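Here chain A shows up in two complexes: once beside chain B, once beside chain C.
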Partner chain A sequence: MKIRVGLSYLLRQFGGLTAEPDTMEVAASTPLECLQVIVGRFPSLRQWVYDKEGSLLTSTMFFVNKEKLLPREFASTLKDGDELLIVLAFAGG
Partner chain B sequence: MLSDAELSRYARQLPLPGWGPDGQRKLTDARVVVAGAGGLGSSVLTCLAAAGVGYIRIVDSDTVEMGNLNRQTLYTTGDIGKLKAPAARDRLAMLNPDIEVVSLAESISGENLSDVVAGCHLIVDALDNLPTRLLLNEVAVSRGLPLFHGAVYGFQGSATTVVPPQTPCLRCLYQGAVPGKVPVVGVTPAVIGTVEATEVVKFLLGMGDLLTGRLLMYDGLGMRFSEVKVKKDPDCQTCGQHHLPGGKPGR
Partner chain C sequence: MAGFDGKMLEVNLSRGEIKKTAIDKGVLRKFIGGSGLAAKLMLDRIDPKVDALSPQNELYILCGPISGTALPGGARFSVCGKSPLTNMFAESCCGGDFASKLRSAGWDGIIVQGASKKPVYLYVEDQKAEIKDASDLWGKNNVEVNRVLKERHGGRDARVLTIGEAGENQARYAGIANGRSLAARCGMGAVMGSKKLKAVVVKGSGKVPLADPEKFAERRKILIQKAKDNIAAQVLGMLGTNAAVDVSAATGDLPGKNWSSGDNTAIAAKTGGPVLSGPQFLAGTESCFGCTVGCKRISKITEGPFAGWTGPGPEYEGVVAMGSNLVIDDMAAVIWMNEMCNDFGLDVISTGSCIAMAMECMEHGILNTKDTGGIDLKWGNVDAVVKMIPMIARREGFGATLAEGARRAAQKIGKGASEYAVEVKGLEVPYHDPRAHHGLALSYATSARGACHTNDPAYSMGTGIFNWPELDLLPTLAAGVRESKGWGPLVKKSQDLGQIINAGVICYMFNLVMNGEDLTELLSSASGFDYTFAELIECGERIWHTKRGVSNLMGITAADDALPKRLLTPTTEGPAAGLKIDLELMLKEYYPARGLSSDGRPSKETLSRLGLSDLAAKLYR
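And now, the complex of A and B:
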């Protein structure tokens, strides 16, 4: 399954990846698996999306085809050609 | 009837289609609470006061610090050490003496939520942390008050509008947020606060399409606005059907 994955600017900034393209192709079947593949490729992202035990941080948001997933949909199966966007939620004012 | 001074003050907005004296009256009659008088609040408050929103309650317990002045444009160097809420009130009173501006220098908690929103038609979320935003969201949903939300980090911003009970709420959208002190450049809350104020004005006048069910995402570095859809979570702890006030369905 080929998924086009985009990372939000903040996530790329935190991971030191602002020079990388903002989207990449990933072979995986769920949003969580896509994230695992990307963190494997760019380990500097790990601390921004997972806690020390490896659980997903609640600030990590997934959007598929520009629609936000509910947490229970993070492991749902993606379709070939789906676009996944991974965003860090922020709350500054 | 608008006074001569009001006709003169609002002369450039009254001719807008859908505005006129009747539209201006809707703003004059509106009672709005703005939670947070920091970076977002500076922008929202200035826009709403200038547009002629008739009653504005400013809620903020902080005092003005030097480090606020890169973005919190309501304040001057001479305001350092003063409470923000009354300082902001005084500034807005100078901008528009025809409106009523009230300050509440308290931090928002479960205890004073009722006082914070009492008598207001809508809530502007110009806060700087997720837990308090979610508290405001709870009172917005339980009382059916529209909530206008914006958030910033550096050059990045986001905004959405909640109109309970139809639309997704903040809890449907946010499960968490990046912790810690947020770096901000003043231009970003200026942009996002203005988006929030635009939404408030449109809501009060019944104009345009609101940011309901949509999250506007602003990237000041790439200079791009984009948007994504947000859906209502049937199991939402705040607006889900099992969590709304009045108890569980079937009772």
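And now, the complex of A and C:
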């Protein structure tokens, strides 16, 4: 299954991916798997989405077709053509 | 015990008298300091019926046990009094470098009473204090007055609080500046202006007292490491608070076009953290005194009509106030207009909100250029905003209407303008959209000072990066931000914690890296009171109810726990499209948890449990 995945500006900036295209196509079936594939492709992202033990940071958020996912939905199956956005949550100002 | 002793400098400007007083230790323990202590002082000392801009109102410039210490996030102090904007209890917090000098001069706060006949400033050097003539400074703005007074009183050693023209002219949302930082909210600069107090200069040669310096240093070390390891603190250091623009746009938290647009990603891309901290605009970074995070930007403008300027860059709130909410995507203009607000001494949140309301009135034909003195307040018009800011600060022409704040200005404009005034209890709403964070909606409706995202951490809770297991305030709460159910008891707990932080006084960003043990150890070792976390939470509760009770005495009732119609109407596009806040349900769950009676006053049982019999006697006479 092909999913179009976007990374938020912060993730692209911190992962050193600003020169990469805004979105990329990933063959995976859940948001968590998509993230794994992308981190495999760009290891510089790892520290911004996983902790030292490899667990997902609570600041990592997923949106599917602009809908924010609940943590229990992170492993749910995506549909062909879904658009996934991965965001580094942050609160400031 | 040499900790936080509550040593106050009491200045009566009507009589030209200065005296030294000390706060009772029992009061300090129960109200901690900062805005907590201010609530108690207001209860005891101010007639609730006074006009906020009359000599009978008092201005409290207060430190807490943490203020001015070398703890990262410990630079802050509070400015409090009755607000001319909301007519109720008001607090405004400021970073910068003033608190460290005030405390090293041997003072924990300044109480200003009365009003001078001519412009004056207060000069404090250790235990000496003097009221000096400020006639030559009147009419000047913050940057210039700060420069002149530093030059006059010993350069870097002198720490200065100032008001600009907005404060002098009593614009109801004028703030007080400490260099680049502003105690911006609630109009405390107007109160200072009403007293003809142009500035306060402090020089101190002592040390900031700590009851247990070793224990404090140990905890400080732990926190510095935690901040280093914390993703949010790292982001703050790299991109400043404006990093939130990017995330806010994705979650539906970023308002646009006076809160009518739900999809603001295009403007976010041009005004977000990476742009402000990118090579085009970043000249450097700065920190408040003692902070290792360095979230402050120094910005530069190299092209266009504002080219050639370098200075303090905007925070998230300033970027949205002057950016997406006015449909402006020109980063250089946003930086410049933010600086104008700071220099004139206007709260950028309220200024942006009042101008956005006027722009919407213009769009709907409620206002025209005849009303505004020829200024075409249409969406995105930078030139119009640049003209409007000084007019507000000087109360010139249509600026005099907007200087009254969104609520009063809308009432004056009439013809349905109130529909476009986005405020709670008279305080313009900060730029985090509660339709995307229902817990924040309840927090806005019930905060101790009107709509506020820093009176408690409900906003951080909604983003999923807040983790205080001691209070069961966990990152997983973010899962419920799209629903109204269940927030009542959580917001109550969040408010109790917020009161402690603001009484401390501790930078809000640091509740993201602390836990209950850190907070308890810090406040105990700094103050000398052997607090437990449970006792602190009770202090938080007591402080919240005292602030609320003071506001009740000033006229606030349950009917004021409301949100503007704009925020109760879902957006039609963007990530929060269709989400409707059920405020009625939230208030129903919140009131019993909060210990409020149905008319909005703290219940008699709550007051008795918290030892607030003095407040009970005034509320239930």
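Everything that follows uses one rule, which is that the second predicted complex is superposed on the first by the 93 of 93 C-alpha atoms of A that agree within 3 Å, B and C clash if a C-alpha of one lies under 4 Å from a C-alpha of the other, contacts with A are read in each partner's own complex, and residues count from 1 in each chain.
Note that in this section a residue touches a chain if its C-beta (ideal position, glycine included) is under 8 Å from a C-beta of that chain, and two chains touch if they have at least 3 such contacts.
Please read these numbers as outputs of a predicted model, since none were measured by experiment.
J.: Following the overlay on chain A, give me a clash-or-fit verdict for chain B and chain C.
T.: Result for chain B and chain C: clash.
J.: Using the touch definition from the top, say if A:M1 reaches chain B (first), chain C (second), both or neither.
T.: neither
J.: Please work out whether A:M24 is in contact with chain B alone, chain C alone, both, or neither, and reply first, second, both or neither.
T.: Neither partner.
J.: I'd like to know which partner A:V39 touches here: chain B for first, chain C for second, both or neither.
T.: neither
J.: Is A:Y9 in contact with chain B, with chain C, with both, or with neither (first, second, both, neither)?
T.: Once the two structures are laid over each other on A, A:Y9 reaches both partners.
J.: Once the two structures are fitted together, what part of chain A is touched by chain B and by chain C alike?
T.: 8-10, 13, 48, 57-59, 61, 63, 66-68, 70-72, 85, 87-93
J.: Per the contact definition, I'd like the list of chain A residues that touch chain B in the complex.
T.: Against chain B, the touching part of chain A is residues 8-10, 13, 48, 57-61, 63, 66-68, 70-72, 85, 87-93.
J.: Would you tell me which residues of chain B are touching chain A in their complex?
T.: 36, 38-41, 126-130, 133, 150-156, 158, 172-179, 182, 184, 189, 215, 217, 219, 221-222, 227-231, 233, 235
J.: Within the complex, which stretch of chain A touches chain C?
T.: So the residues of chain A in touch with chain C come to 8-10, 13-14, 18, 48, 57-59, 61, 63, 66-68, 70-72, 85, 87-93.
J.: Show me the residue ranges of chain C that touch chain A in the complex, using the header's touch definition.
T.: 231-232, 235-236, 238-244, 246-247, 250-251, 269, 272-274, 295, 315-317, 319, 431, 459-460, 463-467, 475-476, 478-479, 481-482, 509, 512, 574-575
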